[in-house]
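Two complexes are shown next, each including subunit A; its partner changes from subunit B in the first to subunit C in the second.
Moving on to the complex of A and B:
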């Protein structure tokens, strides 16, 4: 990937500066909704009822954040989101690594047919299966459990597809060399090949984590007990419970509480997150 | 298998242990590696899909009562004005969002395809909204669009205009959801185009420079033709994504006013999870699946052409 930016070496000058200016203006529009939410969260509900333009003037206050700290389900939802997202990511990594290794390296009856059938799963949208899945989880008593929130994400074939491709790209000479050292199949997988797939594991792990963190539909219909809300579902529930003008400052403080940590994590892992998301799309 | 065995003998090593050589043979025990995933795949994806096909031929409700009705659910769908409206809304929404996402994404990629610190920061800003969940996105935009004290209402008032109730206006609700969605999703097309621009062979630009081609000429005759395949790919990926519009409409307008912003997936959700007319909802899901499968197949065909380039 030799970087060859600056295809515009032709004409640096007025044109370039115009483009830069327009892009910066657009970037300001881009972050405006977030800034607006932060501003609203720093005002009392009373002040906002009179005039929301008051966010531009002092006094600002942290009351809304204090209210979240002392009495709100947000921390429970945050904990649920962390458990579900980590659990689902770990599950996907284990299942996809094992299956990817199996499809890429081992021979068993019907292997190619099974692999193609799994690939077909890439085209099945959640909407086509969610109703039957919901009934199935009712029958199995899995609603309002962590397993119930995590399992559907683990059945998606994308991870298996990605890991199979990755294992296939590793030269077989490496396995053969390890075999000469008398290593067992599982040991070759665990000690030799798996460490070589770390970049793919990172991509898949980040992608799954983001997906689990932001997923809305399934956790909404499966985790219906407020104690089992994920942060995403919880934030949605407050939108419906609050008359918007009454608790606007508090509502925005909750939103800020939910999105600022995500943006901070994003700033640190931007490169990997972008790679994971664009890699998953193509 | 024989090829693998051949490779082994090519190594000329006679001391390979039988147990290890066995790894290259077809064995049932090797299924153990893929079995855990296959179990989940079959129970949570394959079974629900096929059970759905069967269920869509029934009149079924939450309480397990079901009666075989053949294709009645489908013929009912084709006469259901709310469903047909939802199909129309979905296509209208795709028209509002997909071309805009592709063109703005391409514009941003062209503007930010340079190795400066400013460009890196701006790329980060334009992708940042993509990591937010739909519930945060709708919360942020509801207070932008709110007619009383909303950000846009304040701006309009500052210019002496009347505030507009975007989300309560049948003509503006879906476009407002589209703007929200473009804001949320712009990062992905931008990044896909940036990756494609990095792949354009440098020699092409050098040749264009030798020909004294200007900025626009280079763009039209070198850059754009080189990323045609990515452009098609972005269009299809976005059609598939935006086809599944649900959360934004559910949280911002509940499909209103007067059904003006109800997409197909929201219809399916309401019929299946609030009216519990399960067979009917599953039938709607099959139609949705057919649309998405067609788009996914087109994506597969284009992605395969990568090797040809």
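Moving on to the complex of A and C:
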């Protein structure tokens, strides 16, 4: 009996070590390009033209970052990305929460039909509507505006679905207790139910932020003015002219600017991201 | 404190009627229990009083105010829910004061009421904790505290003990009874547990199939059940029933002849019975005593023996195939398949006519 138990323990330990080893290997594969980009950004372009492996050897320099500080549009693009990502996340959270509450708690004619229509949005690829959307935004004179960059992402069928399911999971007894506590419908939503959906909102907010931060296609279509570039579009625009650009080190310094904010967001919210990815938050 | 009056209440869900013309008066400071099986409509009736379900027809009065058109928060009722329904992101103090803040009560008064309720329920040390940090029993106390601070005219309890373990359930039951002594408001308590109903209630409303079967004190309900349903639902073990033929007995009382031919003299007056010929005899286990096989009114075989400590319940199969539950002493030596005699105390027997209406002995307890 004890021998079997011991054998099982050994087996589990070996399995755990195997999984740990694989996880570390994957983490290295993921992080190496970022470390390599940081390394490249710390080398002069002349040195990199001779040998990119020189990244492993001194001297290192902050010249590329200095050049960005004085001459690049990357700060403007960073600001645009921050505004668009936060704005879109906030918009999605507000709209999806309100819609989710409505679908979960309010009884109105056509509720189920409208909910199904919203879910249809999950099945429609962005590519299928981008021309129409481009025309619409053009007619509304929304291109090259923050609203134009943010609005499409705010229609988030997945967000509505997530919040609806989350509100449905909250017992209606809570609403009823609040009704007996003299709370208005808005107060029940705002003070009682909404705080209870914080885990779902964290999940939705993080995913929306990451999506907005990494989004390339729509910002490229809508934000044609370099002053309205987001980081992804801005960096790509400099890579397009790679032969004429200031070089690889300079490009990598801009890339570091692109991923450092996301890294910071991840470090702050990693608990929620892990829960979201594992499905524990919902 | 005002009394509560329900007048001809009707509630339907689609084509289904779930409350069918229910009328009821609850006196000030009365502890009323709605008792019945699942789906009988007792919780729906409670929710209609709270304002959580609309009233399709009829009226609800609390004192001289008609409240059935008012919002739940305007009725001056407080409710304790089955699953507590505490706000998980608020502290115990915030949970208890939330309703008072919504009516813009001065902070000093809120603090005073919360402190008094917390002291009464012995939860002062929990005030800054959140519901997730306290036990199930403590959550139940907080839910009761949230109701107390409102100083309502009526407390509503929707099966509040069903989530507690057996020991805590008994303790909380006693505490609710003590709470009722300390507050002036009436209380309505919904349960399907007859022990809770019998121990807590001034009066019990027994409900079945959307209607009230009987309203009475616990002993009236137990001793003089108005219908066969009440007789069968209240009491553990359930009352024994057997079809009988009635014969004339001494002093104007009837005797009941069981299918196996045994005749039981009762104390039910012939004159009080309807003309119907089809009757069921109802008799509780404590009125059927186990004795020697030759000494009883009838005899049978012990099919199952339940030893409860203070008494023993013996399931006896009679010669005609009917099984009755009879009582024996806690020290009973009856074993499975023993031949035993059963002695009937006919003075405690009930008769139920073909409409299932109950007819009782003239000298019954509680009559």
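Criterion: the second predicted complex is superposed on the first by the 237 of 282 C-alpha atoms of A that agree within 3 Å, B and C clash if a C-alpha of one lies under 4 Å from a C-alpha of the other, contacts with A are read in each partner's own complex, and residues count from 1 in each chain.
Quick note on the criterion: contacts are C-beta pairs under 8 Å (C-beta built on N, C-alpha and C of every residue); 3 or more make two chains touch, one makes a residue touch a chain.
Everything numeric here is computed off the predicted structure, so don't read it as measured data.
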Problem - Superposition-derived comparison: subunit B or subunit C, residues of subunit A touched - result: B
Exercise for the section: Check whether A:179 is in contact with subunit B, with subunit C, with both or with neither, and answer first, second, both or neither. Expected result: both
Practice task
Using the superposition on chain A described above, determine whether A:253 touches subunit B (first), subunit C (second), both, or neither.
Solution key: neither
Practice task
Check whether A:31 is in contact with subunit B, with subunit C, with both or with neither, and answer first, second, both or neither.
Solution key: first
Handout entry: Touched partner set for A:200, first subunit B, second subunit C, both or neither
Key = neither
Practice task
Would you sort A:192 into first (subunit B), second (subunit C), both or neither based on which partner it touches?
Solution key: second
Practice task
Using the superposition on chain A described above, determine whether A:171 touches subunit B (first), subunit C (second), both, or neither.
Solution key: second
Problem - Touching partner for A:104 - first (subunit B), second (subunit C), both, neither - result: neither
Practice task
Please work out whether A:93 is in contact with subunit B alone, subunit C alone, both, or neither, and reply first, second, both or neither.
Solution key: neither
Practice task
Classify the contacts of A:212 with the two partner chains as first (subunit B alone), second (subunit C alone), both, or neither.
Solution key: neither
Exercise for the section: Under the contact definition given at the top, report the residues of subunit A touching subunit B in one complex and subunit C in the other. Expected result: 176, 179-180, 182-183
Problem - Footprint of subunit B on subunit A - complex, ascending - result: 1-11, 15, 19-20, 22-24, 26-27, 30-34, 36-37, 40, 48, 51-53, 94-96, 98-99, 101-103, 105-109, 111, 114, 118, 121-136, 151-152, 154-157, 160, 172, 176, 179-180, 182-185, 189, 210, 213-217, 221, 231-233, 235-236, 239, 244-245, 248, 251-252, 255, 258-259, 262-263, 266-267, 270, 273-274, 277-278, 281-282
Handout entry: Residues of subunit A that touch subunit C when the two form their complex
Key = 171, 173-174, 176-183, 187, 191-192, 195-196, 198
Practice task
Report the residues of subunit B in contact with subunit A in the complex, numbered from low to high.
Solution key: 1, 4, 7-8, 11, 13, 15-17, 19-21, 23-34, 36-38, 40-41, 43-49, 51-52, 55, 108, 111-115, 118-119, 122, 124-136, 138-144, 146, 148-151, 154, 183, 187-188, 191-192, 195, 197-198, 200, 202, 205, 209, 213-215, 218, 223, 233, 237, 244, 246-247, 251, 265, 268-269, 272-273, 278, 281-282, 285-286, 288-289, 292-293, 296-297, 303
Problem - subunit C residues touching subunit A - in the complex, by the definition given at the top - result: 50-52, 71-74, 77-79, 81-83, 85-89, 98-99, 102-103, 146
